[in-house]
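Shared between the two complexes below is chain A, which pairs with chain B and chain C, respectively.
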Partner chain A sequence: MSEKEILTRLKTIVKPYVQRMEGLNDFQENTDFLNDLEINSANLVDVVLDVEDEFNIEIDNDSMEGMLTVGDAKSIIQRKLSN
Partner chain B sequence: MQEILAQLPYSSPFLFVDEILNVDSDSIEGKFTFSPDLDFYKGHFKDNPVTPGVILTECMAQIGVVGLGIYLLNQEKKDDLKAKIAMTSSEVEYLKPVYPGETVTVHSEKQYYRFEKLKCRVKMFDSENNLVCRGVIAGMILKDRS
Partner chain C sequence: MIGNDIIDLEIARAERKSENIRYMSKVFSEEEMNQIINSNDPELCLWKLWAMKETAYKAHQRSFDLPRKLNPKAFSCVLDISNSGGKVSIDDSVYDIELNITSGYLHATSSSEKVSKNVFQINKDSAFDLITVITDNYHFTTEDFSIKKNAHGIPSIVAEDHSIEIPFSLSHHGKFTAFAIPLINS
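Let's look at the complex of A and B:
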């Protein structure tokens, strides 16, 4: 799966949880889920579960804790998909 | 089940659980009777006491999310049962009024418990088994920041 496709799917997943739409308009690798998109930490759990379903992968606690930006999420998804 | 009751982090006047009826890792059921003496009936509403929706939500959360959460934590045998918890979201429909003296039964089913977050689909029934409210409530265990 291309990076672009991963990012496109990720953007669709996060959209319902985003509170700051400017952040969504400028969706890129260094976009921070909490600060730029204002997704609260409880909803970030829902994002992660939606990512698991969308990409058919399992995300462990350590990966979850390291998932602060869109780029972090993309790397984790790529790593899990290649396993 | 008595153990769960004892571990609930509430006390009067903000404990809205009398009894846990059933519990397993996917669901829980409990009861509470709204005593006519509860203080909020004096003001909600003036001369027309009805249980406030926020209190019904609280009752559903205490039984359905916190009660089930305590059971799940006990199963993990985590020692830190002093864990701090917080409600993180609630979306509830209120279908029928609950008057003073009513005994309600709360039934909750786990949607998921992942990354310290427990999300449940919760229903409340009155003593005649009418559905009075239903919704989705979630809570999280907070990391110790001390």
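Let's look at the complex of A and C:
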């Protein structure tokens, strides 16, 4: 799966939880789920579950711990898909 | 160490997280999950435990100047029999947490030191000047202060000449904004 496709799918996943919509205009690897998109931490767990469903992977606690930016999520997805 | 977390119960209850086993298993230990499921009000019990974890996380992060992490399961909660608070442990640290619950919100604060805590219901259209509210608490004048976050995103209110630095903890959810600041002994 191309990086571009992963980012496109991720953007769709996070959208319902975003509280700062301007943050979506510039959606790239540095985009921070909490600071830039203002997703609250309880909903960030929802994002983790939705990513698991969308990409058919399992995100263990160690990986979840570091899922704070779009780039973090992308790397975790790539790693799990290549396993 | 200071920490606080506010939950807008109207929004939180609508998410029906206590019926979502997959969600709960990412956040809670088996023991905590059983406590939630067997409670009279599972949804409220879940948000109590969440707010306790989040508050302890903020206090712990400030205490050791830690980078951010999404690791709610690493924090384990024990509610007091009174149900109005409890203890949260992480590694070798234990945090005492106090809970204030109304029909509208649930507010958790760390209670190891004396803090001033405030919950505001914010009308989105009204300008809310947090610095004014906080500096009024200390009888300082407002213009010389600003909110600064360190490299790990931990906030303080800092005087322009750096003579005063007040640690504070801020939380927003839905229509509520809450903060906690240390009380000055006078």
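The rule is short, and it goes like this: the second predicted complex is superposed on the first by the 83 of 83 C-alpha atoms of A that agree within 3 Å, B and C clash if a C-alpha of one lies under 4 Å from a C-alpha of the other, contacts with A are read in each partner's own complex, and residues count from 1 in each chain.
Rule of thumb we're sticking to: a residue touches a chain if its C-beta (ideal position, glycine included) is under 8 Å from a C-beta of that chain, and two chains touch if they have at least 3 such contacts.
This one's a predicted model, so the numbers in the text were calculated from it and none came from an experiment.
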| item | value |
| --- | --- |
| Partners on chain A (chain B, chain C) - clash or fit | clash |
| Which of chain B and chain C A:78 touches, first, second, both or neither | neither |
| Which superposed partner A:8 touches (first chain B, second chain C, both, neither) | neither |
| Per-residue touch tally on chain A - higher for chain B or for chain C | C |
| Contacts of A:30 with chain B and chain C, given as first, second, both or neither | neither |
| Partner chain in contact with A:61 - chain B first, chain C second, else both or neither | both |
| Contacts of A:42 with chain B and chain C, given as first, second, both or neither | both |
| Chain B/chain C common contact set on chain A | 40-42, 45-46, 48-49, 61, 64 |
| Touch list for chain C against partner chain A, complex | 12, 17, 22-23, 26-27, 50, 54, 68-73, 153, 173 |
| For the chain A and chain B complex, residues of the former touching the latter | 40-43, 45-46, 48-49, 61, 64 |
| Contact footprint of chain C on chain A as seen in their complex | 34-35, 40-42, 44-46, 48-49, 61, 64-68 |
| Chain A-touching residues of chain B, taken from the complex the two chains share | 88-89, 112, 114-115, 117, 119, 138, 140 |
